Structure formats: C-alpha cells, structure tokens
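We just call them A, B, C and D in the order they show up, numbering each chain from 1.
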Amino acid sequence: MCDNNHHNELVISDDPMHPANLICSLCAKFYEKDWCLGTGGGISIKDPHTNHYFIAPSGVQKELMKPTDLFVVKGTANSNELNVDDVTFVRRPVGLKPSDCTPLFLTCFKELDVGAVIHTHSTNAVLASLLYDDFFEISHIEQIKAMPSDKWDANANKYVNLLFQDTLRIPIIGNKNFEYELTDDLLEVCKKYPHSCAVLVRRHGIFVWGPSIAKAKIYNESIDYLLGLAIQMRQMGLPTVKSTLTQGHK
Amino acid sequence: MCDNNHHNELVISDDPMHPANLICSLCAKFYEKDWCLGTGGGISIKDPHTNHYFIAPSGVQKELMKPTDLFVVKGTANSNELNVDDVTFVRRPVGLKPSDCTPLFLTCFKELDVGAVIHTHSTNAVLASLLYDDFFEISHIEQIKAMPSDKWDANANKYVNLLFQDTLRIPIIGNKNFEYELTDDLLEVCKKYPHSCAVLVRRHGIFVWGPSIAKAKIYNESIDYLLGLAIQMRQMGLPTVKSTLTQGHK
Amino acid sequence: MCDNNHHNELVISDDPMHPANLICSLCAKFYEKDWCLGTGGGISIKDPHTNHYFIAPSGVQKELMKPTDLFVVKGTANSNELNVDDVTFVRRPVGLKPSDCTPLFLTCFKELDVGAVIHTHSTNAVLASLLYDDFFEISHIEQIKAMPSDKWDANANKYVNLLFQDTLRIPIIGNKNFEYELTDDLLEVCKKYPHSCAVLVRRHGIFVWGPSIAKAKIYNESIDYLLGLAIQMRQMGLPTVKSTLTQGHK
Amino acid sequence: MCDNNHHNELVISDDPMHPANLICSLCAKFYEKDWCLGTGGGISIKDPHTNHYFIAPSGVQKELMKPTDLFVVKGTANSNELNVDDVTFVRRPVGLKPSDCTPLFLTCFKELDVGAVIHTHSTNAVLASLLYDDFFEISHIEQIKAMPSDKWDANANKYVNLLFQDTLRIPIIGNKNFEYELTDDLLEVCKKYPHSCAVLVRRHGIFVWGPSIAKAKIYNESIDYLLGLAIQMRQMGLPTVKSTLTQGHK
C-alpha cells in the first residue's frame, strides 16, 4: 500500500526549515566540506510536532538528494516507544533502500532521546580515531565552549556548555562490517559517557546528535574544528590536553 | 561535411542529465577541487540509448567548457565494435581538436565496456603515485565500501562493493610523453587487475571509470578521499593496510 | 519598552553596505573560511553617522544571522563617552542575548576609537598562539605592507602602512573562562602595543579592529594569511623574522 | 580634463570577456583561492583591438572591484612604443590611485610583448621562494605540459609546450620595498630566461604573463598547482627534478 501512495505531502514543503528540506540542504553543504562524498554519511531528523523521523536513502549521492528521496518513519510522542527492530515506514520511495544507518539513527532517537543525528566520514574524524585510543580529548580551547557538559541548569532547562578549561572527551568505538552492527557498541559506550553528544567510529567517521538539528550541526562543526586542530597540534608535538607542568603559560 | 554541419542537436539539451551538460557541469565542479585546472583532465560519457560517445576538446579551460565545444563519436550497441584506431566524429566543433585522451577514453569504452571515464590531475593522485610502487593499497577504512569488488551478485546483476576489511588496490602505470601512448600499458595492467575501476598514472594523475557517470563520479571522489587520507596516514607513520601485528586494536 | 518596539528601522536597509547587512554578509563569508563556525566569532560595527553600534547575538549560527537578529547600542559622537559598564540597547531582539563579546567590543570602540571589530576562532590564530610566547612576529613578507604602522602621515591624515622589511608584531594574551574577563588584559597589552590593530587570545582566536569595517576586514584577512604562512614556515624550520646572518639572501 | 570625463564607455560592457569585466571576475575568483586577499595582487590586460591597457587601482579589495574602478592607458599597435616612465591615463577614476604594480605591468607589456599579466601573493609562491635559490624547478609532472617551452612551431605560429620529461624553471628575484623597484630586476632575469612566462618574487609572490589573459590564467593556475605539489614533495623528502639515479622507476 505504502509503495502505491507516495505520501509526498510528508516531504514537500516551501519551508526551508522543514526536516526534509534541511536534510537535503545540509547534506549538500556537508558534501562541500568532504564530509559526505561518495554517497557516504547522512542526516536524520525527528519532527517533534508530528513525531515523524526523516531518513536518507542508501547509496545516493548525498549532495544531489531531493526531499522525495527521503524515507519517513512514524513514531509516537514518546521516543522510547519507537520500534527499532521492526521499522515501519509511512513513506518509502520506490526503487530506493533506506540508509544502512537507519537502525543506528533510530536507536539514537529512542535510547538517547535526541532530535537529530548527523553522520559523516570526515577525514579529521578518521585520522583522530587513529591517533587516540579509547577517546579523543582536548582542553583549553575556546571552541570547547560550544559543546554541552553534564551539568544541568534547572532554570534554563538544559545542560550548560563546557567551560574553556574543561576537557571534552568523545569516545571511540571500533568499526564493524555493517553499520547496524555498531548499534550495541554505541549504546554500550554511551552508558560510560552518558552526556556525550558524539561517538567516533575508528577508521569510519563520526556520529553526532543533539536535541535539534541546529544543535547537532553546531556540535558537529565544532567537533570537526577541534579534531582538525588536535591533529595539527599533535603534528607539532603539542599535547591536546593542557598540562600546566609541561606547557607553562601556553 | 561534418564541419559544415554543426549537429548541435547532439549536444544541446534542456536536461541537466544529458551527457553534454553533465560533462560541462562536472568539469566545472572538478575545477573547484583543483582536479582539472590549467586545461588538464576531462570526462567522457557514453549515451547508452544512442551509442554516442561525448568527448571534451583539447587545450580548453575545462571549467568554461560549453556543450557546443564537445566532440561526438558514433558507436554501435556493442562497444567491442568501436573503432579506436580510426575514429570518425559525427560532431567536430570548428577550430578545436579532440582531447589527447581520446584514444585512451575510447579504449576504456571498448575494452572495459564502461559507461563513463573520468581523468584528473588530482594532487593526491600524483603524490600517492610517488609513495607507492606497483599499486596503491588501503584497507579498513569505511569509505572503501563505496568501491566495487570482484564478487558478482547474480541477483542484483552487479558486482558487490568491497567490505570494510577488504583491501582496495589501484594499479600504477608509468607516464609517457603523450597520452595515447598510455593505452597499451593501461590495458596490460587491467589484465592483471581485471576488476579495477581505476588506474593511477605516475606523476600524472588518475583515470577512473564506471558503468555510468554517476558511478564513475562516486568512485572518483571516494578514491580521492582515500588517497588524501593515505597520504596523511603515511605522513603520521601509519601504514595504510592494517596489520594486526603492528597496529593493535586501532 | 524597548522589547515592545522592535526598532526594525535601525537594521532594515536595502543598502548592502549598511552595518547590519555587512555584519550578516561578512559573517556568512567568514563561516566559509571556518573563522566563525559553531556560533563562534562575530563582528561589531559603529555607524559614524548615527553613532549606533551594531552587535551580534550570542549562541546564533553566524552564517544564518539576519539583520533583525542584531542588537543596537546608541552612542554619542565621542566614543570616549560610551558607557561600557551599563550598556543600554536601543534595539534588543526578543528571545536573544547579546554576544558575550559585547563588553570587549564596546571597550575597543571606546578606548581604541575604532570603527569596527572582528573576532574569529581562526585555526591559524589558535595554532600561532601556541607557537609564539608574548607576541607573534613576522618580517620581510610583502603582505605585511597591508598592515598599519605607528608612523603618522599628517598629509594623508592616517597612519602609513608597514614596509616590506618591517616587523609586524601582534601581542598574545591568555584566555579566560568568560570573554568579558579579557577586557582588562586587552587594554593592558594595547598600552604596550598602542598601534596594534589586533590581539591574539591564546587557545581562543583573534580580535582585529580598524577605523572602518573595510579596513578591519583587510587587516583580518592579511593577518590570517601571515599567520598561516608563519605556521608553514615554522614547520619547514624557517624563522618568521628574517635574520641576515642565518638566512642569507633568502 | 580626464578627471571631469569618466570615459565609462572604456570599461562598461555587457560582454563578460571584455577586459574590464574579466579583471573583476577573475580577481573575485583569485580572492577565493587566497591569491589576492587584503587588497594584494592584481591583473592587467591589453585589448589588442583598441591598444588599451586596463589596470586595477591600488589599495582596493580586489574581490569587490568594479569595472568603473579601473584605470586605462592608451597605447599604440606597437607595444614597444609604450611610454612606461611617463604614463598618461585616458581613464582615471576619481579618488583612486593606480596599482603600485603599474610600471611593472606596463614594462611586461612593452618589453615582453604580452597580452596580460597576473600578479598574486599565493602562499605557494612565497613558500617556494624560500625553498629554492635562484630558480624554482620541477620535471616529470604531467601538468608541466600546460606550460610553454622555448621551441617555436612555425606552422602553428606559437611556442610549443613543454614535454612531460622537460624541466620547468621559474627564476626568483629578491623583493624590494616598492613594487616599481622590481622592474629592472625582472627585466634582467628575463634576459637570462627569455622564454619564461613567470617570475617569482622572494617573500612576495609571483608575476605570470601570456599572449592573452586566457593563456596567462592557464599558466598561473598550472604554476600554482606545480608549486603546491613541489612543496608537498619536498616535505616528503622527494626531489622535484627527477634523478634516474636516486629515484628509480618512480
């Protein structure tokens, strides 16, 4: 039935901030940054008003993707009730398969209660995963202040961001042959780093999430800046976590 | 006769996916990536419906190329019957010469039975050709999964892609003074690597092909990503083919 | 009262050179250069005709900023009279907070009598701040001639620019947890370098100012070019201040 | 008189290939490549039909330059008759000064009989000028074939291009405090390298010329590609001129 009915109303909108439009416009931007070339990478967004999850197709050139290429999963107001193991699509474009990341994306929505997930094959992410063991870490860089901490601000109803002197840690998990096999490892490492908004996948790339696509985008580009900076610092022999003993006033 | 008749109907189309338009728009994009500057590089596409082969002119700024600058060769449904040694153009723009790559492009179409060939002078390709001997190789990187393997999937009627743990190998041939002189060496190395979709030409660049221009583009940008990553890995002292003995869990 | 009245007339203009439009268009350009990603960085401009100071909001994606997102402070013809400690906004967008840099920006306007201030998180600025101690310095590079010197030209009513053989020095101050805490250190170091048009903030980025936004932009991009060049020179073992003894004719 | 008459007809044209339009559009492109930021660099073109020389103003942001910002010098059909020491402008924009490169540009037109001159502050040019002594040299790279040789082809009425195995040499001269002071050194070195289409200026940038702006652009971007490649090769310990003894088949 679904295949006969394209349900284009779910993905066609004049609003550039509609999730279907945002996935396409951001993927085109990410392609320019070499984050999702060769059909790699992707973005998934939950529409909090309709509880629809928008998911990119597999094997498609991400910079050429159109809203009508997107799959849509119907959830409930409670993300916990999302059925990850038996996904039913309310929109399934003819001739396309959903992204191999679909189980991983939906698990993030269900278990981490997020509003958007970004996945890239960023070279900085791959290189950093080879330079660090269990987690990437960096401290004493201003851009760290764009990243969330584990401290809850009851008044603002959100986690406050890290301070300049704090250490950002992003866990690294090993890659598997299929992306759906990463799900358990991602959940496992998120138990150890419950406030992390990202996981590096060794020799693969990165997954970044946030309460909204705007936040996830800010986190993703801040992390990529920090990964790139860290790689250059390591090449210059500088540690990325500041030690007052070895670094002096720098 | 051909010179008097421009046969513009072969190259003028409103469809952005027409081969003549794709060659021009992709060359403009490739110029932005420094893959075909200074008139270097090019793209050739076979139209499977008309058996026309579209070929760029020589010595033209590739980012400024217009559809009317293109040469067209008429083939038959069977690519094997293409006459490479005595090419007859059904469209030959006045005042232009066909690309020096023409014999090489047509040989790829004839002998490798492909739908499109991309040639670039990518710096990553040139540098990698100086860091590796007989072939470039890389394993255990997620982007490898965008590349085809030698395993045929009878159901899908195509070769399946490499797995993450597989090793991608791209043969390297020496450069010659003229591009047509590369033809024999390219065919020779393709016998040794019959499922390769690319050949590096030392101190020159790369040729990448695929069943369609979309596939060739995906392969080309995935390879360039992998070449760039490999160069950075080598600069950090990391091997590009993973050895469990020396690399541990990384 | 201010919140009820949006005073859009202060920020809505058809003129692309209006400060509100320039802040938005330049921030979008700076985002492309990775100078103000992840909501970082910003620009503030004084309109010399109206004595209005235009200030970006905090926590906003700088490349998506609209003129109506901007705060406006009313000053007097005499910048010295600007009240930095008790800022009153004549325009305050609902739901937004002014940039954390506001006290720093206004201090630059008041104490340094400038027309525009640019702040970025440029990777070159952060890396240079780790390679140099009290100040960055470079000499004998042509681009230095785009930077102002401390020599006043009474006829032209402006400071003349540095010569090729001059040494450009940009002081470096340590970072603090909050940007307003940088104000005293910035003023202190500007007493020591009274003609500097920029201050590097270690592990943070750079502040650059000028008599106009055009000049501040020229200084900012020239400095970033020089910082990037210096980092590459240092990686090649070349000193950035030329010593005739060690460098010979180079 | 000239100041009262703007002679806009010399620079206003609907044709994107008009020299005044080309200077502006190419400078905007070169700005994107960081070749002429901070008001640095520039382009000068001779119109062979009218014998007008189009010259950019000094101290202007090159990416924002408009055709009406351009100066125009009237020459004769014989470039040798150009009066470089006492330049008379047939168009002189009010409030602007001609580029400091004007004498150098006009000397190239007069003494080298060229159609266009490009000047950039390319980082690759500056770095290469620090890695090489009297001249930059590179051999055995395909892109070299885009560069002209000293061999005249009487049939084609032009110099043939270098072969792959040839060595491209670009002389390097020392910088001076003022650009007009470079004129004598440039002419001097061009006597030694009479077929060079470029001169590197140490710690400054590069001048590149050709019979037309199209050729000069092709030469400039090919040289920059080769300079960038050479810098990376040197960083990897690879010589840029191939020695069969030390390099083997690579």
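Everything below uses one rule, namely that contacts are C-beta pairs under 8 Å (C-beta built on N, C-alpha and C of every residue); 3 or more make two chains touch, one makes a residue touch a chain.
Just so you know, these numbers come straight off a predicted model, no measurement behind them.
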item	value
Chain labels contacting subunit A and also subunit B	none
Same or different residue numbers at the subunit C/subunit D copy interface, by half rule	different
Turn needed to bring subunit B onto subunit D - CA fit, degrees, nearest 5	90
Chain at maximum distance from subunit B, centres defined as averaged CA atoms	C
Whole-Å gap between the CA centroids of subunit A and subunit C	32
Intercentroid distance (Cα basis), subunit D paired with subunit A, Å	46
Residue list for subunit D, restricted to those that touch at least two other chains	235
Every chain pair meeting the contact rule	A-B, A-C, B-D, C-D
Touch list for subunit C against partner subunit A, complex	34, 37-40, 61, 121, 123, 126-127, 129-131, 133, 174-177, 201-205, 235
For the subunit C and subunit D complex, residues of the former touching the latter	140-143, 146, 163-165, 214, 217-219, 221-222, 225, 228-229, 232-233, 235-236, 238, 242, 249-250
